[in-house]
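Both of the next two complexes hold chain A, though its partner changes from chain B to chain C.
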Partner chain A sequence: MFFRMIKGALFRQKSKMILIAVTIALGASLATAMLNIMLDVGDKVNQELKAYGANITVVPKENSVLSELYSLDEKEETAAAHLKEDDLGKIKTIFWGFNIIDFTPFVNTYAKLPNGESVKLTGTWFNHHLALNTGEELDAGIHSLRSWWDVKNGRWIDEQGDSADDNSAMIGVALAEKLGVSTGDKLEVKTSKGSKALNITGVYDAGGDEDEQIFTTLKTAQELSDTTGLIDSIEVSALTTPDNELARKAATKGPGSLSPADYETWYCTAYVSSICYQIQEAIPDSVASPVRQVAESEGTILDKTQLLMILITILSLFGSALGISNLVTASVMERSNEIGLLKAIGARDYRISGIVLTEIIITAVVGGVAGYFMGYGFAQIIGQTVFGSAIEMKPMVIPVVAVLIIIVTLVGSIPAIRMLLRLRPAEVLHGR
Partner chain B sequence: MLVALLAIAVGATILSGLVTIYYDVPRQMGEQFRNYGANMIFTPSGSDKLSTDAINMAESLIDSKELVGSAPYRYENITVYERPLMAAATDFEGAEKTCPYWRIDGEWPSKNGEALVGKETAETLDLRAGDTVTLVYDLEGQTAAAKPKENTERNQNSLEFRVTGVLDTGGNEEKYIFISIADMESLTGKSDIFDMTELSVSASQEQLSDYAEKISAEVDGLSARLVKRVTQSENTVLSKLQALVLLVTVIVLLLTMICVATTMMAVVTERRREVGLRKALGASNKSIIFEFMGEGLLLGAIGGLLGSFFGFVFAQAVSVNVFNSSIQFHWVLIPITILVSVLVTGISCVLPVRSATDVDPALVLKGE
Partner chain C sequence: MSLLEIKNVSKIYGPLKALDGVDLTVENGEWLAIMGPSGSGKSTMMNIIGCMDKPSLGEVILDGADIAKESNKKLTEIRRDKIGLIFQQFHLINYLTALENVMVSQYYHSMPDEKEAMEALSRVGLADRAKHLPSQLSGGEQQRVCIARALINHPEIVLADEPTGNLDEANENIVIDIFKQLHRQGTTLIVVTHDPEVAEVAQRTVVLEHGRLVKEIINENFEE
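Let's turn to the complex of A and B:
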């Protein structure tokens, strides 16, 4: 009997039940989409913020203390301490290696131009292909670490293509104007260790000091400064977690001051300070320090964006909850006639509540499942249009949405049912 | 009726709240992006250094509301214990605004005779907050290293400073010693010269390049340049964030409006019986629709009014929580919110009322 009545209610009042299911589906899809976006927005915005370039620099140990203090005026010598080029791959092997998106080594030297002027010549990777012994492969280099460079004429050096060995170089726009050189020209440079004719493949506008420099391949710069296999510094771009109290403590007092449990937490969280610490562990005699301008600001912006999304999510959850419970209340109230009849022919209160609740819950489950998939679609639409990548669907959203929907439908229907049960069947049926 | 009103009010709250946030996000987020520091610099265009007048004149060309902070810099070679170092003079109040990412172990200098030492230099010289350091400036413009040590008749000026803090930036600033402009003037005996000025301006990239062009053209001996790394990246990230908020707003609004519409439909469908009774008593379809519409529109208007108020309260709460600043009230949103809620309620009333009026009153009243 119970099931027959429910079946009857579900199918006889098809259009009304569909209306409820649709509303629940809409609410559920809103909740699903917003929760997923909220949970993923941190990662997505973090990726976008990589446009600001490296957030960690690695320099040799002695260099970090003494560097350039004694060479403020002389531009001939390169720094005394070096890192080894062979150690570069180790950066990807640290605990948070997966969070390291990009890195590039630098070799700096000063070269004399034909007109006697001295310019800064930097050797680096442009889009160097790395095959790590972990089996991972990536393209690293300044092409993505200097996303704001505007290559005015010519093109980026392509290390995987033609220009691996032929002394290609890119020149800053200010220097190019001063020297009157452009793409395709050859530029003779001389250092105390040798000389080379560089092929200019592109002129870039960096909007800063780098406009007066020349960038060339790592190998060319190493040959010019006689430092084969050695590098001066590394820039690393890593995805990090915004600093909190613990990270600040570790950064100011050193990881040694943390208790073993705190140390574990700190080490296993992608704080910029713990990534720096791990890089130092991986590369011998190195000092890795966060670039505060990038690291600190990233943290602030991530926190704000997440908080903003959380509040918008709360608003929309609240909105969909009210929408659903409103409709459920309305649809239960509407059935005063039916409930009156049931009471008149002797149905017990709990049976009536059971029937109405089961109907509503069945509708809610159908609507909720449909809504979850609709929400999935909405989240992907937003992910693709805004970030050009899929939003990761977190499994934890499913129970959250399910609990939300059930609570909301119950909250919407129980008070209404209680109110209807208190009515006298005769009055209801009479139509008052 | 209360149910319907509640639904409309909630819908309208979401509408006005989200739209207010959407309009305010670029401004508020833009301010957050100022954390990345200066996005415009003034440099001398000729061989002369910058003067205070030129800097002030250039700054006056920028809308004062958009100028977050500016800090002039002057660099001089000095020596500490015969060691050549670079001293930078700046306006600390301005630097605090243009470089919010500076982490200081200690405090910012607040008066003359106090200095901020870069971390690297502090380590080399073994200085901590609270120590004193003597800066020596060679008036002949030569660094100590270039001079023979026996020469005791050097024309030098020296000043003692108290270190208030050690600066950690992860950049070149860690090598410098920062002192106030007045101290630098008394140390070197030269005043009113600056090497560069850093500015943090809260404006879009196009607007910034307009400013830069205008300033470079109008102020003699000064050229304004954009810090491309900051402006370009800000443009990329900010436009993504804006697109995100826009899409989220659109989807939330769409779904909320449908929710409101279904609730309204349910509420009106419930009253089929009433429609049937009126028809039986001889009311024309037109007058029934008219009455229902009037009721719906009134509800829409009241809900919209309530919603635009609560929406503003919500947006204000978000703004205070997230950005620590209050939000502007957009008066134009009140009529828009009311209009939209009236439209939505109107449309969602029409459909069920129409279908109810099409039915034979006898059937409706009988309950089929």
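Let's turn to the complex of A and C:
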């Protein structure tokens, strides 16, 4: 009989129940969308922030110590120690290798131009194709790490299209104007180790010191500095988790200061410091350091964005609870005769409350399921509109939304249940 | 011992005395009509006898227990086990069929039994309307469903509040015939009405005015 009553109430009062289900669905959809975005926004914001460059730099340990001790002037000194080019692929083999989204090596040298001026010449990857031992393939280089460069004329060097022997180079806009050269011109450069005629494929505007430099392929720069197979530094762009107390402690006092349990937690979390540590483990005699400004900005933006999402989720659930409360109370008021009658014929309060709550929870489940899929749609719309990509739906959101909806529904039903318990059959059946 | 004894019962709402020192005794198997104009205290009396309200003063002894002193939980049990209620407005649950409306009463009393509920509907001539919703039934049919619901648990007292108030003459006669049948079977009937035609078929009639019992009429021509 219980289920016949529930069935009757649900199916023969469809419009009322649909209204409650729609309210619950709206709350559930907002919660689903916001929670999924909140959980995915870290990756999205990180990807957006990657447009501002690398967040980790790797240099030889020896250079790092010398640089710290004597504040060496780059223009006067060339790198005393080098990293091995062959070790580059190891960056993707670390525990958080999946979070390494781009990296590029640099070889720096100073070259004399025909007018006698000395300029910084940097060899690097532009869109270098890497086939790793793990089977993973990726294109790495400064094309994506310097996405803000404005190529005024010409084009980016295409390592996969141009010949490695082309001696292709890109020149900064300030230097190009000073020398009166442009795309398609040849530029003679000479170092103590040799000379080359560079083919200018593009002129870029970086908006800084790099506008006074020449960028060429790694191979060309290595030949000009006689450092074949060696590199000076690496820039790495990694997806990181915002720092917390644990990460700050590891960064300032060193991982050795952590307890074994804390060390494990720190090592297995994508903090920028733990990724640096793992890069140092993978590349011998290297020092990996976070670019603090970028790392801290990421953390701040992420924290604020996630706080905003949590507030929106709480507000939407609060609104939903109010809506449910109003609708359920209105429903109980409308059914006061029926409830009075049930009390009159001997139904105890808990049995009537049980029926009303079961109806509402079934409606909440239907509304919640519909809301989840609506939320999926909302999340994708927001993802495409704001980030230009889909939001990944996290399975953990399903139980969280389910629990939230049940809580919101039960809390929203409290005023109605209190009213129901106060109803006296004599008042509703005989008006006294 | 009488089935129901009301001793000096008053019900006071602020300055208003809805019942004022009422004394009344109802014997087992008796058919009593309570008459009176609007505002005379009939519904208050019905609520108190039906254990839906408590008196402000006095005693209401039903089957040996003073319901004025019982808890709300106990009153619910008494309503469930001893009283069958019939309402002027029928108060059927609109999303349940006639049969299910009868079974609801069984459900809160003991166990729903579809066969027994069907027999109750047959007794009031509604077997063929069992699967209909209240909105698909006439006023008379709805009242008969209400009667079947009141009788399904074999109550000691059937309390009817203006049972023919919303019915035409033909349906009124059907309801009165059902009451006669119930009386013959030994059911105690208390019918609140303002209709003299309904009151005059009862064994005894008491008249309420301004909360007081002012008259008692024994029906000399009562047909057993």
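Observations on the structure shown:
Quick note on the criterion: the second predicted complex is superposed on the first by the 398 of 432 C-alpha atoms of A that agree within 3 Å, B and C clash if a C-alpha of one lies under 4 Å from a C-alpha of the other, contacts with A are read in each partner's own complex, and residues count from 1 in each chain.
Basically, contacts are C-beta pairs under 8 Å (C-beta built on N, C-alpha and C of every residue); 3 or more make two chains touch, one makes a residue touch a chain.
Keep in mind that this is a model prediction, so the values were computed, not measured.
Of the two partner chains placed by the overlay, chain B and chain C both lie in contact with A:337.
Residue contacts after overlaying the shared chain place A:30 against chain B, while chain C stays out of touching range. Of the two partner chains placed around the shared chain by superposition, chain C is the only one that A:426 touches, whereas chain B remains out of contact.
Among chain B and chain C, the chain that touches a larger number of residues in chain A is B. When the two complexes are overlaid on their common chain A, residue A:5 makes contact with chain C while staying clear of chain B. Once the two complexes are overlaid on the shared chain, A:315 sits against chain B while remaining clear of chain C. In the superposition on chain A, A:347 makes contact with chain C only, while chain B stays out of contact range. Residue contacts after overlaying the shared chain place A:13 against chain C, while chain B stays out of touching range. By the touch criterion defined above, A:382 reaches chain B but does not reach chain C.
In the overlay built on the shared chain, the residue A:255 is in contact with neither chain B nor chain C. Comparing which residues of chain A touch chain B with which touch chain C, the overlap comprises 337. Within the complex formed with chain A, the residues of chain C that make contact are 18, 43-44, 46-47, 50, 52-53, 73, 76-77, 79-81, 85, 87, 89, 91, 93-96, 100, 103-109, 112, 133, 149, 161. Across the interface of their complex, chain B is touched by residues 16, 19-20, 22-23, 26-27, 29-30, 33-34, 37, 41, 45, 48-49, 51-53, 57, 64-70, 72-73, 147-150, 205-208, 252, 289-297, 300-301, 304-305, 307-309, 311-312, 315-316, 318-320, 322-324, 326-327, 329-331, 333-334, 337, 378, 381-382, 385-387 of chain A. In the complex of the two chains, the chain B residues touching chain A come out as 3-4, 6-7, 10-11, 13-14, 17-18, 21, 25, 29, 32-33, 35-37, 77, 83-86, 99-103, 105, 120-121, 123-124, 143, 145-146, 168-171, 175, 225-233, 236-237, 240-241, 243-245, 247-248, 251-252, 255-256, 258-260, 262-263, 265-267, 269-270, 314, 317-318, 321-323, 367. On the side of chain A, the complex with chain C involves touching residues 1-2, 4-5, 8-9, 11-13, 337-338, 340-348, 351, 424-426, 429-432.
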